[in-house]
Amino acid sequence: MAFLDVTNATKKFGGFIAINDVSFSVEKGARHAIIGPNGAGKTTLFNLISGLILPTTGSIALEGQRLSRMKPHEIVRIGMARSFQKVNVFPRKTAFENVQVALIANRKLQFNPFHAAAGLFGDEIMQLLEQVRLGGDSGRRAGELAHGKQKQLELAVALAAEPKILLLDEPTAGMSIAETLSSIALIRDIVQQRGITLLFTEHDMNVVFEIASTISVLHHGEIIATGLPHEVRANDDVQRIYLGRE
Amino acid sequence: MFANPMILFIQVMNSLSLAMNLFIIAAGLTLIFGVLRIVNFAHGAFYMVGAYVALSILRVTGDSNLGFLLGVLGAGALMGAMAFVVERGLLSRLYDKEHMLQLLFTFALVLVIKDLVKMIWGSGQYSIGAPPFLRGAVNLGISPYPKYALFLCVMGPIIAVAIWFFMERTRWGRILRAAREDRVMLNALGTDVKLVYSGVFVTGAALAAMGGALAAPRSAVDPGMDSLVIIDAFIIVIIGGLGSLLGSFVGALILGFLTVMGSIYLKEWVIVASYVMMVVILLVRPWGLFGKADEERH
Amino acid sequence: QDGPIKVGVILPMSGGGAYVGEGIYAGVDLAVKQVNEAGGVLGRPLQVLLRDEQLRPDVSTAAMRELITLEGVQHFIGPATSATSLANSQIAREEKVVNISPSAKTEALTAGDNLHDYIFQLAPTTDVDGVRTVEVLRGMGTESICFTGFDYAYTHDWFAAIRANMGDITEAGEFLVPMNATDFSATITQLLSSDCDTIVGTQYGGSFIAFVKQATPFGLFESKKVLWGSNTGDHAVAAALGAELPGGLWASAADVWYYEGEDSHAAYQQALAAHQGRKETDMWPITGYNAVKFLTAAIEAAGTTEPTAVAAALDGLTIQTPLGEITIDPETNRANSPEFYGRFEPQEGSDVARMTDLRLVR
Amino acid sequence: MTMCSASTWEGNEMSLLQVEAINVCYGLSKVLHDVSLKIETGELVALVGRNGVGKSTTMRAIMGITPPASGKILWKGQPITRRPSHLNARAGLGYVPEERRIFGSLTVWENLDVARLPPREGLEPWTEDRVFALFPDLERFRNRPGGLLSGGQQQMLTIARTLMGNPELILLDEPSEGVAPLIVAQIGEKIRELRDAGVSIIMAEQNLDFVLNLSDRCYVLEKGVVVYHGTAAELRDNKDVQNRYLHI
Amino acid sequence: MTSRPQLIFLACLFLALLAVPFLGSRYLTELAVQVMIFSLLALSLNILVGHIGLVSFGHAAFFAIGGYATAFFLTRWQLPLAAAMPMAVLLAAAFALVIGVLCVRLKAIYFAMLTLAFSMLVWGIIIKWKPVTGGDDGFVGITLPGMLASPQSFYWFVLAVVGASTALMWLLSKSTMGQIFVAIRENETRASFLGVNVRQMQLIGFVLAALFAAIAGSLMAMYLRGMYPQSAFWTQSGHIVISVLLGGVHSFVGPILGASLLYLLEVTIHQYTQYWPLVMGLILLLVVLVLPEGLIELFRKLYARLGRK
C-alpha cells in the first residue's frame, strides 16, 4: 500500500470516457507530476482524487482510507489540499484574508462565533504571502490582483491548509518567469521541509523537471508512461504526442 | 367525479385553459429571468398596465373583434415603449452593479407603476369582455365549452413555440444565451449587448402586458390584479427551471392541473398545494424540472 | 380647548381594497364638510387625518397609534375590513379612544371578550345578514342551496348564519376557494353539476367580476338562481360589469343611488353627486357618512370630546340618516343599519343593470 | 536601455493602432501611467513584464472594456478612446482574454457562431471549417458545451472564437498559458501564419522564448509604465533589461 | 467597510436610543421601538444575505413563528415572559433547522424560491389553523406581562433585547465563524476545499438568522398586542430583503440604515400624501441609482469627509 492509491479509476461523462481504467500510486514524500496533452484528463483525475466528482468505477485511497465516497471537505480534513487550474480565490477578500480563511478552517475555528478574526494568525499569514512574493499585496482584494498574482495566492492558500498531500493543477501557469522560479523553489522547499507528498500537473517542462521526482504521462485518459524524469523525457511516445520537437 | 366522463372532461379542459392562461403571463418573466437574470418583481405591474391600456383602447374602438386585437397589440406596444425608456434610462445603469440591486429597482418600479395606474384609472374595477367572436360556448362533442378559454388553449402553445424557435433555433437566441453568461465578453466579440438587453426587457414587458390584456376577459381589471398573478408566475418559472421555456410550459401545466384538481379534492387546502408542489419539485430537482445545474469547471 | 377636533380615518387606500377606502372616505369627507359648514361641533370644526391601512392589521394598528401619540387623536373611523377592525379595536380599548367601525361585518368585533365600551359597529353583522338573506331566499322560491366563496371569516360566519335560519331549505354542497384565487372554473363546473336550485356566494370586488366572466359562458346563471353577499349590490360592481352582469342576480348593498324611497336619501345623494362629480355613486360613502354623523351627534350630546363621555353618549344614540333612523344598541354597541336587497335587471337606455324589487330591509 | 515617451512615436505616417499616453484607473488606484505604443499593419508586437504590471489592462483599455481616464487611442488614425467594445470589434479589433471567458453552456459551435462578424476586405474570411482546420481538437467536441472542455481546449476555443470576427488586429492575452508544449508550438506557427496573412497581433506573454521567436517588436512594462521598447532581437541581447524587469 | 467607524456609529446610535424616552414623546418612543425591531429583523437576514450569500425570500416565516408562538404561550398558556419568549425563539430555530436542512442544498434563486415556498406553507397553516392562530383575522389581544405594559418599560425591554442581539451579531460578524461565512458567500467550492463543510455552515447560519428573526417577531407581537398572517406572507419577506439591500449588504450597519429608512419613509410619507407608494418608489429609485452600494455608501462618504477634517 502506497501513500496514495488510484486503482482502476474510470470516469465517464455521458458516453465520453475522460479517465480510462487508470491505476497508479504515489509514495509518501514523492513529488509526482502528471503531464499530458490538453484534454488528457489531468484535471479530471485531480477532481476525482479531491472528491469534486465521483469516479464511475474504481477506487482511490489515501493511506489505505477510501476517498471515493467522501465529500471534498472530509478529504481535506484527512490531509489533502489542492489548487485549481482556473484561479479560484475569494475575490472580495484581501489576499491576507484569503490565507486566513484557510488557516481558520485548518484550525477548526469556523464553529466559534466569538473568536475575533481580525489580525488572527497575522505573522503566519504574512510569512506565507512573502514566500509567494505577495507581501506587498496583502491588503488588496484578491479579485483585483493581476491574473498571475492570483495564481501565486492560490498557491499560498493551498499551502496554508498544511496538508499531508498537496495537489497543484498547473501552479505556475500565468506566472511570470521571476515568479515561476521563486514558486518552484518554494514548492520544492516546503514540500521537502514538511514532508508533504506532492501531485501536480504542469505544461511548463522546466517546472516539471525542476520539481518532479517521478512523472506519469496521461493520454486520452490513460497512463501511457510512468518513470523518473529522464526516462519519461526519453520516451518516444511522450516526445511524439506531448513534447513535440524538442 | 370520475363516474361522469363529461365532468372529468370539462375539468381537464379547465386545467388546460388555466395552464395556458398562466403560461402566457409567465412567458415574459421567463425571458427576462432567463437572460437578464433579473427577478422582475414588476412583472405583475406590467401585466396590470397591459390590461388597463387594453381597456382604454377598447373604450375608444368600442366593443369589437378588431378593437380587442388592437387592445392586445396596443398594450404590448405601449408597455414595450415604456419598458424601453425605463431600461435605457435607469435599469441599464445597474447591470454592472451589485446584482441584487436590480431587485430593489423592480420593487421600486412596482410602487411607482401601481400608483400611477391608480392616478390614471382610479381605484375602481373594470371589465373587458371577450371579443364578440369568442363569446359564449362552443360544442366540443362531449359538452359545450367557453370559446375564450379554448382560444387561450390555442394561444399558449403558439406563443411557446414562437419563443422556443427564437431561442433555440436562431442565432439571436444563441446570442441571448451567451449574453446571460458573459455580457462583457459578448460585447467584445461585436454584439451590442446593450441593445440585446433592451430588446429582452422590452419583449418581456410587452409579453407581460399582452398577457394582461389576454387574461382580462377572464378576470377583472383592478388595482389588485397584479399581486394575484405574480406569485403564480414565479412558481411556474422556478419549478420549470430558470430560463427554460419548456420548463415554464410544463410548469404552467402542472400548476393549472394542480389548481383545478386541487380545488376539487383538496378544497380550501389547495391554498398550500402549489407551495407543497414547489417544495417537492425543488427537493427532487434542485434546478427545477428542466433547469441545468450551473456546473463550473476549475 | 379650541382648534379643530381631529378625527382619525384609517382605510385601505392602495391596492385591491382602495375602492372601498376611497368610497368610505368620500362619505366621511362629505359629512365633515357639511358639519363644518354648519359651524362644526361644539363650535369647533372637524379635521380628518387619513391613513392607509393596506388591509394589514399591523399597519392599521401602527397608524392608529401614530395618530394617538403624535396627533392626539381620540376619535377614529375605520378600518374597513374585519381583520383590521378587530386589531384596531384592541388599541381603542387599551387607549380608551372612540372607534367607530363603518363597514366591518364580523360578529367577532363586538362579541364576547372583544366587546368593550369604545368600539361601535355600524354595519349589520353576518348574523343579521343571515336572517335577512333567508327571508330573501324564501321570496326567491329557493329549495336547495349550494354555497361557494372565499375561504375566510366572513364566508364562514355568513353561511353559518344562513344555515341557522334556513329551516327546510336544504344544502346541496359547499365549494370554497382560497383567498386570492383567480380561477373559478373548477368550482363553476362543480356548481353546475350540483343538485341545487340556488347558489349563494361571497367573492367580492374584482374576484366577483372574474367569477361572473368565467361562469357566464358555462350558462351557470341561466340554470341556477343566484344570490351574492359581500355588498355585491354596489352600483360600482354593476358599472364595472356593464352588460356582462347576469340578469336575475340577487344581491345586497348598504346604499344604491337610484333608491327613491325617502327624501333624506334624495338630498344626501344630491350632495354626494355634487361632491363626487357624478350622479351614479357607489354604496360605500353612506357608511363613512353615517359614521361621521354618529360621531358628531355623540360629541354634541356629550358636550365634550372626551372619549369616555363620547363613547357613553354613543350608547343608545339614535340619529337621522339618509336611510332613516338608526340606533346604536347600548348593550351590543351595534347599530341597526338597514340594507338594500334586490335583483339585478338590465335597464333600458343604459348598459348598467340596476337592482329591481328593491327593498330596504331593517 | 531606451525610455520611450509618446512624443518619440509621433511619426507622420498613420499607424494601424496608436496608443498615446493612456492612464487607466481601477477605482482610485491608477495602474497604467502614460502608456504609449503603436503597431503597424502586419506587425506582431509583444507586451512583456512581470505579473501585475498592466499588460492585460492595456489590452482591455484598447478594446474599450476598461476605458482609459486620459490619453488617446487611434485606430487607423481615428480616435476610438472609450468607444464601446462592440464597435471596436466590428471595426476589426479582436480580443482573446487571459481568463478565456468561454460561454460555458453554449456548445463549441455556438461559441463560434455568436462571435461571427462580416468578412473583412483583403483578408480571407474565417469560417467554422477554417477554424476547425486550425484546431482539430475543437471539431471533435463541436457539440460539447464549452464549459466542459479542458483548460487547454478552452484556450484554443477562445482564440478560435475571436477569429470568427475576422479581426485585423488581435489582442492576444497569454495564448500559451495552460497549453501543452506541442500545441504551444503549433499555436506559435498559427500566429505566424496569421501575421503572414496580414493580421496584426498584440500579444501579452510570459513565455519569453515564445515571445522572442515570434514577435517583431517588444514593449516591456513595469508597474504600469513602458520601460523599454525595441525589436525582439534587441531585447534578446539586452540581458540588463531581461534581468531587471523579467527575471529575478 | 472597516469596523471602527461602524462601531462608533453603533455606539452613538445606542446612546441616542438611551435618550429617546427622556424626550417626552410617546410617539417617538413607540416609533423607535418599531424601528429597532425592523432593524433587528434586517440584521438577522443579513447573516444570510450579507455573510453567507443566500437570499432568503421566506425569512418572514421565522418572524411570524416567533411572534405567533410568543402570543400563544403568553396568552393561551399564560406562561411568564421569561419562558414564553425563549420557547418561541427555540421553536422557530427548530423549524429553521428542519427547513434549513432542505433549503441549503439549493443555490441562488432556487434557494430563494424554496424558502419562499416554505414560508408560504407556514402562512397557509397560519391561515387555516384557526383555533391556535386566529386564522385570517389574526391572533388578536395578547396579554402583556404587567411590567411591560407601560410604553416606557416596554421601550427599555426592547432596547435591551435588540441591543444584546445586535452585540451578539456584531461579534459573530467579526468572528472566525463570520469570516468563514463570508468565504462561503465568495466561493463555495474553494471553501469546501479548505475543509469547510459548506452545507453545515450554511445551516448554522440559517438557524442563527431564524433565531434572531424570531426574537424580532416575538417583540413585534408584544408591541402589536397581536400577530397577523400578513407577517408570514411573502411580501413581508420581500420587505426584509428590500431593507437589507437598501442599506447595503456588505457591511454590518447597512441593514440598520436600510430598515430604518424604509420604515420611517413608510410612516412619514403616509402622513403627507395618500400617494405614498409613488413617493416611496421614487425615493427608492433615486437611492438605487445614486447609491448603488446602498445607504452605507453615503455613510462611508460622510465618514471619509469627517475623517479628512
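Odds and ends about this structure:
Every chain is named by a letter (A, B, C, D and E) in the order it is written, and numbering of its residues begins at 1.
As a convention for this text, a residue touches a chain if its C-beta (ideal position, glycine included) is under 8 Å from a C-beta of that chain, and two chains touch if they have at least 3 such contacts.
Here the structure is a predicted model, which means the values were calculated and not measured.
Under the touch definition stated at the top, chain C and chain E share these contacting partners: B.
Under the contact definition, chain A and chain B share the contacting chains D, E.
In this assembly, the chain whose C-alpha centre lies farthest from chain D is C. Taking each chain's centre as the mean of its CA atoms, A is the chain most distant from chain B. Across B-C and B-D, it is B-C that has more C-beta pairs touching. The mean-CA centres of chain D and chain E are about 50 angstrom from one another, to the nearest whole unit.
Distance between chain A and chain D, defined via averaged C-alpha coordinates, is recorded as 29 Å. Separating the centre of chain A from that of chain E, both taken as means of CA atoms, is a distance of 42 Å.
Note: centroid distance chain B to chain E, computed from Cα atoms, is 32 Å. Shared interface positions of chain D, i.e. residues touching 2 or more other chains, are given as 148.
Those residues of chain A in touch with two or more other chains are numbered 43, 52, 84-86, 88.
Annotation for chain C: residues touching 2 or more other chains are 14, 179. Across the interface of their complex, chain B is touched by residues 63-65, 84-86, 88-90, 95, 97, 101, 103-106, 110-111, 113-117, 147-148, 161-162, 165 of chain D. Put simply, chain C touches chain B in their complex at residues 14-19, 21-22, 151, 175-183, 185-187, 189-190, 193, 205-210, 213-214, 217-219, 236-237, 239-244.
Of all the residues in chain A, the ones that touch chain D in their complex are 13, 16, 36-44, 85-87, 137, 144-149, 151-152, 170, 173-182, 203-205, 241-246. Put simply, chain E touches chain C in their complex at residues 25-27, 30-31, 34, 127, 135-138, 140-141, 220, 224-226, 228, 230-231, 267, 270-271, 274, 276-277. Across the complex, chain E meets chain A through its residues 3, 168, 171-172, 174-180, 182-183, 186-187, 189-198, 201, 204, 208, 250.
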